[in-house]
Amino acid sequence: MRFILRRLGFYLIALLVSVTLNFMIPRLMSGDPVQLMFARFQGRMDPRAIESLYETFGFVQGPLHEQYFTYLSHLLQGDLGVSIANFPIPVTEVIAVGLGWTLRLVGLATVIAFSAGIFLGIRAAWRRGRFADSVILPITGLLSAFPYFWLAMLVLYFFALGLGWFPLGHAYSLDIHQDWSSPEYLSSVLHHMILPATTIVLTAIGGWMLGMRNNMISVLSEDYITMAQAKGLSDRRVMYTYAARNAILPSLTGFAMSLGFVLGGALLTEIVFSYPGVGYTLLTAVNTRDYPLMQGVFLMITVAVLVANLLADTMYVLLDPRVRAA
Amino acid sequence: MIAAKPILEAQGLTKHFRTGGAVSQRVVKALQDASFQLYPGKVTALVGESGSGKSTTARLLARLYEPTAGQIIYAGRDTVEDKGRSKLLKYRSEVQMIFQDPFSSLNPVHSISYHLKRPLQIHRKAQGRQMTEKVHDLLHTVALTPPADYTPKYPHQLSGGQRQRVAIARALAVEPKVILADEPISMLDVSIRMGILNLMAKLRDEQNLAFLYVTHDLASARYFADETMVMYAGHIVESGGSEELTQDPQHPYTQLLLSAVPDPARGLRTQETEIAGEVPSLSEVGEGCPFAARCPHVMSRCREAMPPVTRLSETRWVRCYLFDEA
Amino acid sequence: MTQPMPTFDQARTDAEPLLSVRDLVVEYHTQRGLVRAADHVSFDLHRNEVFGLAGESGCGKSTVAHAITRILKPPAHIAGGQVLFDEVDVLKLNDDQLRDIRWRRISIVFQSAMNALSPVLTVGTQIADALQAHENGTAQMTRRQVLDRARELLDLVGIDPDRVNSYPHQLSGGMRQRVVIAIALALNPELIVMDEPTTALDVVVQKQIMDQIRELRNQFGFSILFISHDLSLMVEFSDRVGIMYAGELVEVAPSQAIFNDPQHPYTVRLMNSFPTLSGPRVELFGIPGSPPDLITPPPGCRFHPRCDVALAGRCQTERPGLQPIGARHMAACHLLDDKIVNKEDAS
Amino acid sequence: QDDGIPRGGIVTVSHEAFSVVLRNFSPFAPTQNPASQAFIYEPLMVWNEVDGEIIPWLATGFVWSDDLLTLTFNIREGVMWNDGETFDANDVLYTMNLTREFPALDRGAVWAFLDSVELLDDYTIQFNLGEVYSLADVLIAQTRPVPEHIWSELDDPVTFVDDDPVATGPFSVVCRLEDQVFELCANPLYWQEGRPYVDAIRYPAYPGNEQSTLALINGDIDWGGHFIPDVETTYAAADPDNFNFYYWPGGATVNLYMNTTKAPYDDVAFRRAVSQAIDYNAVVNIGMYGYTIPSDPTGLGPRFEGWASQEALERAAELGLNEYAPSAAAATLDEAGYLDVNGDGFRELPNGDPMSMNVQVVNGWTDWVTSVQIISQNLQDIGVNAQVVTPEFGEWLNNLQTGDYDISIGWSSSGYTPWNYYRDSLDSSLLGADNIANATSWSRWFSDDADALLAAFTATADPDEQFQVLSDLQMLFVENVPLVPLFPGPTWYQWNTQQFTGFPTADNYYTQGSPWSRDSNSRLLVAVNIHCIDDTACGQE
Amino acid sequence: MSTVEQPQTAVQPAGATAAPQRAFPRLPLPNWLRSILGNRKAAIGLVILSFFVFVAVFAPLIAPTQNPNRMVARPVQAPSAEYILGTTRQGQDVFVQIVHGTQVSMAVGFTTGTVVMAIAIIIGITAGYIGGIFDELLSLAMNIVLIIPALPLIIVVAGFIDRPGPLTIVVVLSLISWAYGARVLRAQTLTLRNSDFVAAARVVGEPTWRIVLFEILPNMTSLVVSSWIGAVLYAILTQASLEFIGLGDPNISSWGTILYWAQNNAALLTNAWWTFIPPGVCIALVGFSLTLINYGIDEITNPRLRREPKVKAA
């Protein structure tokens, strides 16, 4: 458990750092959100109105450290402020809608990509030179070299617009009412998830597969594998319990680290597939200099990644007895 | 034997390693209160089980570690306070070291001639044209002939024994007075070990070098060393002339160690000493004699304090209450 | 450890050997070329015998051991010969037949116990796996029975049975090696191949373990193929010893004969290569040069480049075969031809 | 109803990019859903940009006092809030006072000229102006009243998140609000008999043009209002019978602003040369995909044809303004002394200093970026070293406002009369104390004449007088070229007649058709007019 | 901060010489190219990459122009003899844009990769070699940068820099992507620092800087090269993504901006595939070539990964 405690400590520091970063960035950026909004109305707002908007938006003046502590204390109360571009909706509410979808899509796709990559990697290493190794491996390698959005768009145009097999966008059919208990709705959600998730999986699988294959190959030359085989264990048992259990450990750390990457990358998916989510919200927030929203999204993504990392760490501890003692 | 003055001397040398993170520190007492002398033209062996602190001792003398306490007296002068590159460089031109693993003590990216030229350059032992000559001389000394065959080679192109000879040549390059050899033959094949030991013996005799010979192989200590010290869990427990010590061990640990060595010459399957327990963890050793837990003659005071040095003869001493007259 | 071990002489010498290796050839296909790591290796191992295989690093000891247990992996490839175990050629068995004799009749203890145990599984699981993989051998054991047996096995090798739930990293090197031995014993095999079982260990621990093995052998009466480069240990522990050089078996003899009366020049020099604790302090020389590269081994006798008594011409070109030169003593050297003749003459 | 018009159906609308739906329909939200501006909370009167008419809505009309200092609105009787409460002038009064109390809510900036508001009776309300301001009527007419009985109960109307609006509009019932879609259902209590014809308007989330374009092509959208590249081939061609578009060039003019506080932009000859150098057809056809037309030199555009001054136009033609004439432009520059003296292929300033300029355009506004690329290419063709730079929106705006730029493309203001266009660009009072150029006064070209003319316009309600003032302004504009009008902003508008009809068409453009115009509420006219093509098409659910 | 360090596949000791013996991977420069070319994957990768490097270097000769984005022709022409890859909606010559885009994209990719590696080397090796509290802090920084989601941070920072363009992208990507390499190099440095040859160098009297530069660094060549290639690949892909979502400079001709414009002009809807397909294929090819080279390096340094030679039947 010391390992987990240490990691918790680390996450706390990481959180503090990103919170601080989060605090600093808008203060370094140029562009005044109220002015921008005013500009969007193309000059039809009264300066008095602008004045009072500054107040309503809660722009705190004063020395930086004071602002910082106000910011921290608000954060601790779960108050991320009010979105400027969506005034007066609280940032938490703006994010809440998108975050669920992002987590669902990215979570599912990542887990699929990871599991499939691991599985294929195991097969490829186990049977060197066979199908998984000599055909699937290079193909996934090629796929992961493609720019994600490009592949996604081709897929969208071909399968959704061209063939009409899949919807062009959205997370569920708009003719169905959102209701998580309705099977019709759920199947619609799944149907809408297929294309975006597939493209994420396609581009991500290669990395996992290669990593797992290489780890697995290293592990397979260990004595304990030979010993397990000499013991007369079945191939399955050797492959999964002895080899894969050990080979997966490095991938697991990678998995945790990649989550931040994938969560951020969801932005492109969301844009291409009109899928709801925080990525696009972030991009809009940056473009409109909606600082509170921007900070909120960034913080949320960071927290999600930290939590995912913690989960991966826990997994790690479960799978690797050596860190348990450490 | 006593006539000569020691060239290098350790006085109360102690090394504690701090391990673990900021949260929970552990102190590994790798070496405690070691005092011994190295004489020109003499080989002093340091034997003990793995982890007993042998390498630590050698590395302390090579100034790779800073001692926690104690003195390192070179030619009558304490050098522990010599810090900074120039002072250390002076010391290093007198004291050199050979490492256990000839595969890792030579840098795989550098040629043999690079390995030999560097010490010559650093210690200004040769310049320009002389350099090549000097390199060839060194290779001659360690019987790598013809030298020109070896200079352009890279370590991986040499066998283990050849590599170890290069390592010796490198140590000789600075024309040292003392050579610390940390298990120089344990990684080598049986058939070539004697070649290396004989080479070192020749150097001792011809160049009047003082050797510290670290080994876990008592038989080779008997063969090569004039004097032998036995180490257990960070303490030197017995010291004396090699022949005397191996034929007539006094300390219970030395007796145990000797009885464990397989020796066909002694007759087959004769020794039947029950051995219990294991070497204590160095971070847990307490105040008393570390061997107390395994010692067949253990007394209550053994657990309270480390026994003092009891001199048995001019050249022989032991740290054990069995010999303490008091 | 009360009874002295029955020596080979007391063993059933006339009986069929338990294991008979005939002209075993093993090759590694490497990028640099073909490595013939075992070249026509032949020897017999009898029931209740400890047969030692000694030689320098890389001479092919492990290769032979792995070939016998058929756990060689690519790029290794058995290019010829037979391994008759109880008169069955192990090399010809299919996977099922192989699984049947593996561990149940032949088990193996690896060079380094650290690597022979999976770090993420408990000791108990790894013992249990061996038991459960052979249902016909160990009958239908319940999980309970399996664990009980695991505890029993640990007890046998002198480890607290409660350690079944420990992970390898929680054990010391010596304990791990004992666990590996316990696993090797799990199914009461007839032959245990021990590939340098104590090389990574300190002498004191080595002694403990060797004593333990000896005791267990007393108890269960299995045969051992014992591999080591530590000649002292080899001579002390084995009944008979085979000396390998560069993929070839150059001398086979009872261990005392190897120690006291080595015949092959390589063995002779090898025996003169390590200092001993007792006896006179004589000057030792080792063997000049280093073992050959097995991709381009020297023609003729492979030892000839390092041999100071090599005959000009013959040793360079003609490969000597293993020939009997005395009672149960065989060696492969042209120099010994005279000896053989002499002996024949004498007799 | 037996008017023969089929009822029912859900009209799917795409408007601005958004990726998730947020629950706020407050008419005061600084960035509202365009929907709430019209379909939920209705204005007193609807200004139809196309013909300039002001159509009675919640108010039946207004009258000015002779001194132009009071304005009286008559409020419609029989209107009900969708919760069944009656709407009357009290609500209007309450709303006016609310915006006075909370300036942040005064989006129309009416309290800039208003003095007070008083109730004459339950259906008559009088606005007292502090000074004469003849444009007050239109501004006040666009006020969207909120129900006093709801809003007076609120703690803080400024931060009120209005997710279940009580309003009078035809689609003021928020009957579906999910992550990716919201629907506004017909108000059963709507004051217009039998209207609206359709059951609901649906707003799905489309994060960008690309996605709404795909949906439009797929026939998912009935009423769209966004840019589509090559609309004929990408959209209309997919179903020529039903996929329609019409881009009315009646939006505010897009201009090229020059920083007249710096050389050479302070030189009217240079500015005139720029006006002559631009290939307007290329800008309009390549940059704007042919979706608009080149602007006339006064910047007024087709919408204000009636205000055009022939005199000014003639003068402009004389000066060669807004005509693509590279050689004339070169000649103008030669004459003014901008010559390539050092022979590097680019002209120098008359004093011999090197001359190079950045032409700014907001990054990501690709139609403008292309236009600016063409313009810079045009300028290079006449030996002016012009480079395109694309700062982010925030920086771009900041640069314009602080005068940290050379040349930039930019929008302008539109309004009920062309006055707004000139006022927002030329009124010296727009230059703030902090040297910030407010509105669109980014050229920073000011003159007493202009100020006087702008003031004279709002000081009278007499059309002839106003016309004269505006003619003078146009003349002043073409003489000085404070900025170069490029093209009237097109209003993106697509409609799909597979299921619905009643939309404005190119032939019958009864009002501005885009579903999201910020300038007016004229889409309300469309919303109450759309209906199913027949009883079966909308598949009554 | 000791997180779980994992062995890097790229640094596994090579058993190239004699399997049971321990040997370090050896990649001295003279043999560098030879071993790469000896590996089929790496060789194919190198050939593809060289092609693009060639195009990038000789872009001005292959497609002479003052400004690749100049509108030179009738818009939206399909590929023809005159315009090999057709023209854009703006009447730009796609071929010219792609050729010059190669220059920009490759320059950004390689500059970023190099800067990233430089930072990673400095930070990784310092942390690994100096150790102590210094290491704790640097490792903490690495792990934090690793964990903070990159693309959002890039978007936020790119927004903050305001003036987008290749240089911005280089700077932003460099600031954010060094951590992975630094971590890998740190782990490797830690191993090497404790190796005997470093101790031997110290005993011989080598100064610290020489130990770092001449003893440790050369032993990490393959690791540095493969991390560098990884960083280049990442930079090229991320650059394209950023430009595609509009965070680039649309006046620059690079693969990402060509795609950005193609997207804005609804290239796929108007069937103007020639503006959309070629840049994507270029990116994918360069990406694939880099991936192949990395596979190759992996195989060279870790012979276990190699396909074993076919064994003839006995």
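We just call them A, B, C, D and E in the order they show up, numbering each chain from 1.
Note that contacts are C-beta pairs under 8 Å (C-beta built on N, C-alpha and C of every residue); 3 or more make two chains touch, one makes a residue touch a chain.
Owing to the predicted nature of the structure, the values given are computational and were not obtained by experimental measurement.
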Joint neighbours (chain A and chain D) are E
Comparing the two chain pairs, does D-E have more C-beta contacts than A-E, or is it the other way round?
A-E
Of all chains present, which has the mean Cα position farthest from that of chain D?
C
Could you work out how far the Cα centre of chain A sits from that of chain C, in whole Å?
54
Expressed in whole Å, how far the mean CA point of chain B lies from that of chain C is 33
Distance between the centres, which are taken as Cα means, of chain E and chain B, whole angstrom:
47
Touching two or more other chains - residues of chain B:
21, 160
Residue numbers of chain D (touch at least two other chains):
210, 214, 217, 364, 392, 394-395
Listed in rising order, chain A residues that touch 2 or more other chains are 6, 29-31, 221, 249, 271, 287, 289, 320
Which of the residues in chain A come into contact with chain E in the complex?
6-7, 10, 13-14, 17-18, 21, 25, 28-31, 128-129, 141-142, 144-151, 153-154, 157, 210-211, 214-215, 217-218, 221, 249-250, 253, 257, 260-261, 263-265, 267-268, 271, 279, 282-283, 286-287, 289, 294, 297-298, 301-302, 305-306, 309, 316, 320, 323
List the residues on chain E that touch chain A in their complex, please.
1-4, 6-7, 9, 12, 140, 143-144, 146-157, 159-160, 162, 180, 233, 237, 240-241, 244-245, 259, 263, 268, 276, 280, 283-288, 290-292, 295, 298, 302, 304-305, 307-308
For the chain B and chain C complex, residues of the former touching the latter
49-50, 159-162, 189-195, 197-198, 216, 218-220, 222-224, 243, 246-247, 256-266, 268-269, 271-272, 275, 278-279
Considering the complex alone, what residue numbers of chain A touch chain C?
221-224, 226-234, 237, 241-242, 245-246, 249, 319-322, 325
Which residues of chain C touch chain A once you look at their complex with the stated criterion?
66, 69, 71, 73, 99-100, 102-104, 107-108, 110-112, 115-122, 129-130, 133-134, 167, 169-170, 180, 183
